[in-house]
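Same chain, two partners: subunit A is paired with subunit B first, then with subunit C.
Then we have the complex of A and B:
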């Protein structure tokens, strides 16, 4: 210290008005980032600035957004689910396998697969108190092994999905609004309602903030956690079925690429991986931003390696930007 | 600031957290050879000022000067280098490292540190012991010895004595006397006015983020200090005798028979009736923590039973206890708060305990919460995040959770520790009001004066057993302390 004699004059730090406003409304900042990225992409590829461009963005974002909904709910509790993409793949596989019995049966079977795996994750984390990272990572590995084996045996039948699922995943209502986006919209309404307006939503935030306080308040915390992982499984299954519908046929790599983006979308949208802070609205914007970014990198026509690096760097910059914007408020 | 013997001075120091103004303008002067008390009700800005002086946070405006030179601390290390060492309210030690490893992190002279440990009779302390396994009072001494071993000019001690035994506190005072004899200085933040009168020379009093008075303790009474803190004459405490006489107790709300927890609680039996406030007094570490854990369902007894409304009940978790109307205000308020959630969400948490309440948020949530906020007069200026509230307001939120949900038996573990006089009084009158409305209350307190003010009857615990029961109106500090030490009352 000895040599240091700086005089403190007035306010050391005076935030600009706009910056303060943005810090209090960080979602606006995300909207601005989204619009800017959208326009840049349009500048690179003029065709992108069209109804078609918007539709493709939404079509890409829908499964990601649903997977990220699962991630958001769990991250709010201080957890995470690294098995969402394997659950999605498994659900799509089972749905394809059941497709000869009709789309209704196929979808139901797929969703039940998600519910079952989510329940196992939930029991592991909530009852046996396995660390969520370990539990879901291990589950992901086990599922990959199981499905690899089962594609030769019990799931050896159809890998084509029923026409209705195809319509759901890839078709569009009145030729312009993709059905998968409508499904996403429904999921979003339910998730946002649950998080904001239900007692369950309160508990999701609360256990992420301080589990002991919730326990002392007379809540059985394990029930909340278990239900969150069950919901995560169901959401992952829905995303998987939509993805299966989009491609028309399923394989074990169906959803693999979505794992890290599903976490990134939630983080970019302002949900803390430590729990208690965030929400699904931000995640929706995160998913949209990542989808546009994907298109932009595709249009730029640079090599795969460059694409990956730029993608990673931008995700890092966005997450950092959000955190440093809101920290001061 | 040109006085030659001024070691530490602030001028016009101000700090805001978002919309909440913590410090408006503080001028304080600490001279060499002086023990300086920093006093004020909770929320007056004491903790913020300490953080600024310790380099944890930087001021928005104003000047901090050390030895007459203006300084700007960007990190705690800057403050230490400038000769200011701080002992914070919570020990600044890493729980998963040993004491020695913690010390290595802070680059201090070990020989010097050991000398100071010896001062506190802790020379035999195993420095290889994990910090998490040491009791709080030992950690505070370790923290203090570390600060002193840095040989600073100014020591900042934030509520240091709160966790210490009387004997250890006396040694701290002896240290401080020697300290000032060497021409150094110390700033003491405390709620114990007896300490201020006993050890401090000067007192700076903060109210609403300003220094409102600097007093020489030799020239004032405790009463005058309190008046300066509150900013008005104190209202009389209210006639406890009177309200107690009017009270009629109802049925037995909570009863325990031969309750035991291995090593901690032995054969404890008592009953508390609706409308009654049952006090519990014990020295530190006599099993009172564990007893409260058993009563609140946080842990299970090894023997004995708990009866609610005459029926034996098994509490396998706090959920069971809460469903039976037995609710806990724990000793550490931080474990019962959701730091990033709003006051409203904190208060409403117990409403969602049952599975059937997971769906819709009940319509009457807001009126219930508002009623609790009003009843407790919680300061809602920083209501969007509970972590921004002052300690007293946080404690009110912890209590308020149960006002929102309703309860029959309230277990309060030292609810007034470390909070200001004003809030303490509010909590006393709230407890009496709740009892008058038919609640049964079990109150453990480390402040013996509270027994006479609040309780009807008092149990004394020693070595895990209930060793005595006294009528609270007749109990004196000396009768309670005698029993708490496991001694028979003199015949």
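Then we have the complex of A and C:
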């Protein structure tokens, strides 16, 4: 009797220990979720469990992952950017417009558009202290109006991107590794290095944690914020150019569907929307999970309505699970 | 200067006026815009008043709901999706029904969607996940459900219901009194309730300092659920107004998303801080109408609709920049 009790407590103790370990390494939990979803998708569609399936997942996740990188950096400062998808669309348009001048000019022009719009967002939020939700929301409306008008005038007819951009968005290196995944890998390395190793990254976390303390420590907070929004604009532009390359043709709905997933990927990955907590590694896993989920729902062929409901329910469940897992530690 | 200050300290009416100066400002702005609009178009009569009031009803309802939630310290990105849900259920089940059934469906929708959103508030309390994330996820669930109930635009409602929100059984022209009253009565009631009743003040206390409110013995969890329930009820009303205005149901995701974002814009322009605990609900009625009115005004000025959207965005950002800058300057001076 007493022996049995001891075994039960022992088992409970071990379970508690495993939970503590998971709570201290929440990324492991995300990896488990990702693998589980991947296997379920494989069970639904056996062809998915192949190099091709992995490649498609990565190809889908790349633009989302880059947009979510922008969202992660801003959320760490306590901000958010609701204009990322319109920046991406705009950058893709400008890149398509400049495509006759060569791919290099086209990409540079697209990135410059992102930098410019990001700077305006940054000035609004950092200098004029507009709430980031409102500033980027207004910017999104402005961009939608501008680009709708411009597609009939100055940008008219520019819907095709240069061959090199097409290769970058949809092609694969040595026929196996998609170029867009390589770009994503590069972006990931830079963002992770910036956040973890650079002084700028430490300031990003510090501002999200306690802005007043950082200001009193003598930091020019507005400069850090402004630079974060500029980075966000550039990242959004890169994602937009990749998307434009993948689809080959550019239209105003190019990136629209990515707005909520870009926030969701960062949140699932454990970045706090209030700032100061999180990182890009989790966001990468979040983007992967969401794109596998997307494939799964597509394979199940349940129709858009059910797809949306399941998507929302799973995002909620993942965020809830992550919150309860990390709160216990 | 000192005398003026002393006078404001002693005179309660003036003090109340100063406290609500932002609300007064946005109503004056709306009045000025209306006056300007009358000079822009050749004929300004009951038809224009009806059209402005009825078209702004959905946004005004949604903004009132959002305002209550924001005052209680939350934010609800699913209000637009709840509007869709209410809109499609109403359109699908009210078509060809007698008035009694239509009224029953309308009431059931208001209560049902209020309960649904109260559940969202409960989940936020229980999970500890930020409001913005939970409501982002539920917005997918509700708009998916809306699409499932009504896969393509269609359906309809009773003429009496259309009269209630538009002033005419066919939804065209008609008297401006029904939509005007349908806008002002809920706005005034919710604003008064929030500022004078015990639960309403609990919402303000919770939004302004959750810990302090809890330590003072208020039930902050119940306050959040209550705020979300009211938000849900207002979203249901917005959906009903939508079906009355257009005469059909529309399940498109984009309609809900843009309605949500406009409701947040109206709330912020109405002087309600997104940090919670500050502001008056009645101000968002004016900013909701203003946001809807900008479009016809700009079009009457000969601006095309794309540029109108740009100008609307610039105006929202501009107003917020002026507000932010003046706050910074005030901080510097003190």
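Everything that follows uses one rule, which is that the second predicted complex is superposed on the first by the 313 of 329 C-alpha atoms of A that agree within 3 Å, B and C clash if a C-alpha of one lies under 4 Å from a C-alpha of the other, contacts with A are read in each partner's own complex, and residues count from 1 in each chain.
Following the convention adopted for this analysis, contacts are C-beta pairs under 8 Å (C-beta built on N, C-alpha and C of every residue); 3 or more make two chains touch, one makes a residue touch a chain.
Owing to the predicted nature of the structure, the values given are computational and were not obtained by experimental measurement.
In the superposition on chain A, A:128 makes contact with subunit C only, not with subunit B.
Once the two complexes are overlaid on the shared chain, A:216 sits against subunit B while remaining clear of subunit C. By the document's definition of touching, of the two partners only subunit B reaches A:203; subunit C does not.
In the superposed model, A:316 lies in contact with subunit C only, and not with subunit B. After overlaying the two complexes on the shared chain, residue contacts for A:308 are found with subunit C alone; subunit B is out of touch.
In the superposed model, A:298 makes contact with neither subunit B nor subunit C.
Which of subunit B and subunit C touches more residues of subunit A is settled by the count: it is C. Residue contacts after overlaying the shared chain place A:149 against subunit C, while subunit B stays out of touching range.
Contacts of A:50 after superposition on the shared chain: neither subunit B nor subunit C is touched.
In the superposition on chain A, A:277 makes contact with subunit B only, while subunit C stays out of contact range.
Of the residues of subunit A, not a single one touches subunit B in one of the two structures and subunit C in the other. Listed in rising order, the residues of subunit B touching subunit A in the complex are 18, 58-64, 69-72, 78-79, 81-82, 296, 298, 317-319, 321-323, 327-328, 330, 335-341, 345, 348-353, 355, 357-361, 401, 405.
Within the complex formed with subunit C, the subunit A residues making contact are 82, 124, 128-131, 133-135, 137-142, 144-146, 148-149, 260, 263-264, 267, 272-274, 303-313, 315-316, 319-320, 323-324, 327.
Interface residues of subunit A, counted against subunit B in their complex, comprise 1-2, 4-8, 10-13, 197-200, 202-203, 205-206, 209-210, 212-220, 223, 276-277, 329. Contacts from subunit C toward subunit A in the complex involve residues 123, 127-130, 132-134, 136-145, 147-148, 151, 253, 261, 264-265, 268, 274, 304, 306-310, 312-314, 316-317, 320-321, 323-325, 327-328.
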